[in-house]
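Next come two complexes built around chain A: one with chain B, the other with chain C.
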Partner chain A sequence: MLETEELKKVFKGKTAVEGASLYIDKGESVGLLGPNGAGKSTTISMISTLLKPTSGDVRLNGKSVIKNPSDMRRVLGVVPQEIALYAELSAYENLKFFGRIYGLTGKALETAIQHSLELVGLVERQKEIVKTYSGGMKRRVNIAAAMMHEPEVIIMDEPTVGIDPQSRSHILEMVRKLNKEKGLTVLYTSHYMEEVERLCDRVYIMDHGKIIASGTKDELKSILSSEETVWIELDRPYPAFFKELQSIESIKQAIETEKGIKLILPKGSRVLGKVFQASERHHVQIINVNVQTPSLEDVFLHLTGRKLRD
Partner chain B sequence: MKSVYLLQWQRFRRAPIMVLSFFVMTIIFVGALAGNNPAERPAVMAYADDSLAQNEAEDWVASLNEAEEFQFQLMDEDAVREAVSSGDTSLAVRLLEDDYRIVLAADDMSRFVIEAFLDRKYREELRLQQLEQQPGADDIRSEAAAEMEEPALRVTTSTLGGIDEFKYDNQLQLLFGMTLFFSVYTIMFSLMKIVEEKKQGTWNRLILSPVAKWEIYLGHLAYSFTIGYLQIVMIFLLFQYVFNFDIGDRFGAILLIIACYTFAIVALSMLVMSLVSRPQQLQAVVPIIATGMAMIGGAFWPIELVSNQLLLAISKVLPITYGLEALKGVAIYDRSWQELSEPISILLLFGVACMGIGINLMERRTY
Partner chain C sequence: MFAFMKKDMLILIRDRTELAVLLAMPFILIAILGFALSGLLSGNSEVLSMDVAIVQEDDEQQGLDRFAEELGSAGIPAEAQAGIMAAAEESSPSSILQGILTDDSLSGLVTAQEMDTASATKALEEEEVVAILTIPENFTFKALQKMMLDAGDGAELQLMISDHAATQSEVFHDILDEFVWSLNFESAIARAANGEGDLPVAEQTQFGGVESVSAVQPISSFQYYTIGMAVMFALFVGATISGMAYVEKQQFVFNRILLSDHHPLVYLGSKAISAAIITFLQFCILFFLSSLIFGAFDLTEGAFWPGMLLIAFSLSICVGAVAAFLTALTMRFDNDTITTVFSGGVVTIFAFLGGSFTPTEGLPVFIQKLGSWTPNGAALNAFLLWVQNLELGLLWEPLGRLLLITILLLALGLLLFPRKGEA
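Here is the complex of A and B:
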């Protein structure tokens, strides 16, 4: 349904996105993961026709939208990262305006407003001024505004940033329903790995302006299928112990964490014995040891060498 | 375009304080500085020099008051000097037999106006006195007055630019100057919503909608134009009908001039916004532009009193100069349409140029 080909964007000599190629099938829910500055927002701005690419193409149903963005804009809803609402107006007034600019009038407009408000669970408080809402409620109206014209594709740019867990859960459930029950095609960017794991069928991972990996969640995890992660919880940091673990040949990666040390090992490697021996030598107090199968977070760490929220 | 335009009014209804404050400030400033009694002429204290007899001094004062431009009050010298030194008045006049002196506390713009008036009146009076000394010309004053009722020949003096002899009307100067000055704030701050929308992200929502970009701009520009235009018109009507100012009866011409001036300021605002990126920057820049333009363009005092060539040259590129020139041309000088066409055309030209450059620069910044 929607695809990009070798998208590139250069700002004042600095390349923000390079060679970004991705596709989204109709009714699919796709995640775009990456740390700050990875180029996610620039990529979705180009896909949504807000930003002209320096080179490359964006196609909707096989037709380029670069020169004629109206086809894309008609079927697209965008939920921006910021609260793009008129704070001095009520939720109802905001939705009425955004419906009007899409040509809705009269009964159709009223129906669309109430439908969108129901979707985000704000029917009861629709007449209240937006600036008096909580962060979570504002985010919900932000989504409702993008849904007024019943788009076929929705792009959500970190829609849950800075809100309470309850509102976040409400939004995630709403997006899941829209995708699974109404067949809405979703492109979802987030910092939160668990959101992407919960919502998305496929994932693209971006770093330094490039797509460095893509596939279904299982496909991505299989990158690390030959590895396992061991978390060692310690009572305090032991630099000498950490240094010794780094020198053990069968440990692929040793990373210091807040609570202790994380080890990435080849699957089936019998290295724990060596770890305990080293701990004896360094008088290390081990509180807990946990062996884990890889998560998307591990995949991300493996691919980029840094955490998603770095 | 209509939706964007109506949205701005909806937002104005929710937060009208800014626009209303400029409206109220205009009324306060004009009301306080110009007074609300059109019959009241600016008072000027005067005292007689020792060389002048009391009755001669009274004759001079009567002659000066005939012109109905100022109200000269003959007082005791000590009282006048006390008033000047204590700051109760910025100047006073010492009347001599065939000359005058101005006693100044502070050199303000009123000195130039009064000096020009006294100079003219003394020349006329001394010329008549000279004629009276000629043999057989005892009754020259009444003869001259009678002849002036139906003169044999009328001589109209005008310059190439159609500029008449300078006439000072304190009330209209303040009304026009302050109204045009405060309207700059209203228009610029109203149009600032474009910059705010770009920051808040609502602009992108509009861009992604079926509404064309030019319609979005037009909606904002039309709102700023309307609110600025209405502010100026309402203040003029208020002072004309409630405070009894006399702006004349050529309302059509005045409405046209206001429209051209408002268009020029809306366009200037667009240019300014294309050069700054944040609403906070605009809040700092707008007062500088508005006040600077008002000072140099003659909103605070008549431009005719300014002699500095550099300031006069700068004033030629400011829309407020032409707005005031056209308004005073209608209300004070009763100029013809042909004479008014020059400032009106310049305002329109200025508006078109600023609008073109402004929108172009703003669009370049978007990508």
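Here is the complex of A and C:
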């Protein structure tokens, strides 16, 4: 539905984005990850027609939007990284204005306002002046403003910075629902890896203006490691059980630890059944089993040599 | 478009500082300037009331007698003598001075009391009076001698002013200056007429209060400054609006507006119209309040207001163009210095050039010309012409200037405004 081709932006001799190519299918939820200054916001500005690329193209359903941005603007909602609201107006007045400039009037406008406010959980405090809101509340209005005209594609640039975990969860759930139930197409930028893990089907990782990796979450994780680690916690050592595990072929390595046994397995091997059969034969009391796969955070660290949030 | 303007109004109403600049400041200035320069005429005496002592050492009758003798010995024909004598009696400086000091227009403002030298000095020391006016011995004779015959050294009034009430004594000094000036002026005219015929009676309206712009209808200082301040502070609306545009850009709401797929020029247009509407409302509020509280204009005069509204309308459109021009510059350079410079300096310079503080009549011609080509100057011209003549025909020239300025600014605004909405 939406694709970019070799997007490039140079600001006064400084390259912010270099050859970014990405695509988003209809109804997909795609994450864009990258450390500060990676060029995420710049890429988003170019996609959303606010910034002209130095070179490259942005296409919506195969049609370039650079010369003719109207098609894109009609279907697009943008939650900018900055709070883009009138500080002197109330949440209600802000949404009313943003709804009206999209041509909403009368009952439709009123419904859209209340619907957007419900989405972000601010119905009760809608008449208060935005200036007096907490940072998190401003963020939520910032999101609501992008929802007023019921966009088909929504681009969110770090929308949850400064929001408390509960409201964040609420917002994520809202976006996920819109994506899964209403088929809303989402491009999501965040520093919170767990948000992207929860929300997005596919992920692009950017650094220094370039897309350095992309794929589904699993594909990305497999970059880092082809192995899984399984921790088995036991009530006491069982030497015979341990011996038997060592003899199972698909287990690369079995190590005795303080609390039990650590197994290293090739990714995707279906060996846990055999482990449980053995435990029954040896009357082993298993307290806990923990399968550990690498997180996107680990992938990120591996790729960029940096933590996502310093 | 309507949504844009409604939002601008709403934001303005919430902003106390801007409202103070646009409404309270001009109103306060009207009050200050109006009172300071009008108290003399309109009887608003509380602000500037003063007690003065008059020490009368001159004997008017004796002076007149002595002047008659002088005429006799100067060898002037008897017939002429009688005429001059009649004129002298009528325009005896002493009487005129008394007349002025007890005139209705000064009543309540100046309270004159005759005293002897000693008690006058004491009153001055005890701050009961702000000035002592001494009419010295032989004042009548010497003054008449100088006025009618252009002989002798002339007469002099002695004024002793206290420093505890500088403004009042200053004003009193001015009153006397006016008196002396008008006496001299009259005698000059009288002499030019060979000392024959009636001398013009002293024009008491000369004394203060009237900013006599031209002879048609005198304009009171409240009228003058209501107009002067209204046209000056209208310019600030332009700065206010472009300042708002800058905030919209800074706070990224402008991006949201672009994303809603409105042509950037629609945005620019909305700024111009907002500014025009606000200017018009500002005019209505200022003139209404000034008329209500200071009685500057008669609110019930039906024939008067349509012309005023026409001029205010033209000025409002022009301020809309000013706003568009400033907004274009602000958005192009992503910088609000231009707005700051405009409201911090350009407006004041324009106000002086355009005559918002003092009538430009006394200034060099090229400055008057320059001033008449400022939006406020052109509007002020139009307002004054209307107030004095109530003749629509006279307005086309200043309104034409206003229109040209409007077109020029709009063209520049359109040229400079970034079409793509990006720097």
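The definition used in the following text is that the second predicted complex is superposed on the first by the 243 of 310 C-alpha atoms of A that agree within 3 Å, B and C clash if a C-alpha of one lies under 4 Å from a C-alpha of the other, contacts with A are read in each partner's own complex, and residues count from 1 in each chain.
As a convention for this text, contacts are C-beta pairs under 8 Å (C-beta built on N, C-alpha and C of every residue); 3 or more make two chains touch, one makes a residue touch a chain.
These numbers were taken from a predicted model, which means no experiment stands behind them.
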Query: After the match on chain A, would you call chain B and chain C a fit or a clash?
result: clash
Message: Just to be sure I read the superposition right, which of the two partners does A:S70 touch: chain B = first, chain C = second, or both, or neither?
response: both
- prompt: Is A:T189 touching the first partner chain B, the second partner chain C, both, or neither of them?
  reply: neither
Query: Once the shared chain is lined up, is A:T49 touching chain B (first), chain C (second), both, or neither of them?
result: both
- request: Choose the clashing stretch of chain B with respect to chain C from the list 5-13, 95-103, 113-121 or 149-157.
  value: 5-13
- line: Dual-contact residues of chain A, meaning touching chain B and chain C, are 48-52, 70, 73-74, 76, 78, 80, 82-86, 88-89, 93, 97-98, 100-102, 129, 145
Statement: Per the touch rule, the chain C residues reaching chain A in their complex are 3-4, 6-7, 10-11, 14-15, 251-253, 255-262, 420-422
Residues of chain A that touch chain B when the two form their complex: 48-52, 70, 73-74, 76, 78, 80-86, 88-89, 93, 97-98, 100-103, 129, 145-146
Query: Contact residues on chain B for chain A in the complex?
result: 3-4, 7, 10-11, 14-15, 200-202, 204-211, 367
- prompt: Which bits of chain A are touching chain C when the two form their complex?
  reply: 48-52, 69-70, 73-74, 76, 78, 80, 82-89, 93, 97-98, 100-102, 129, 145, 149
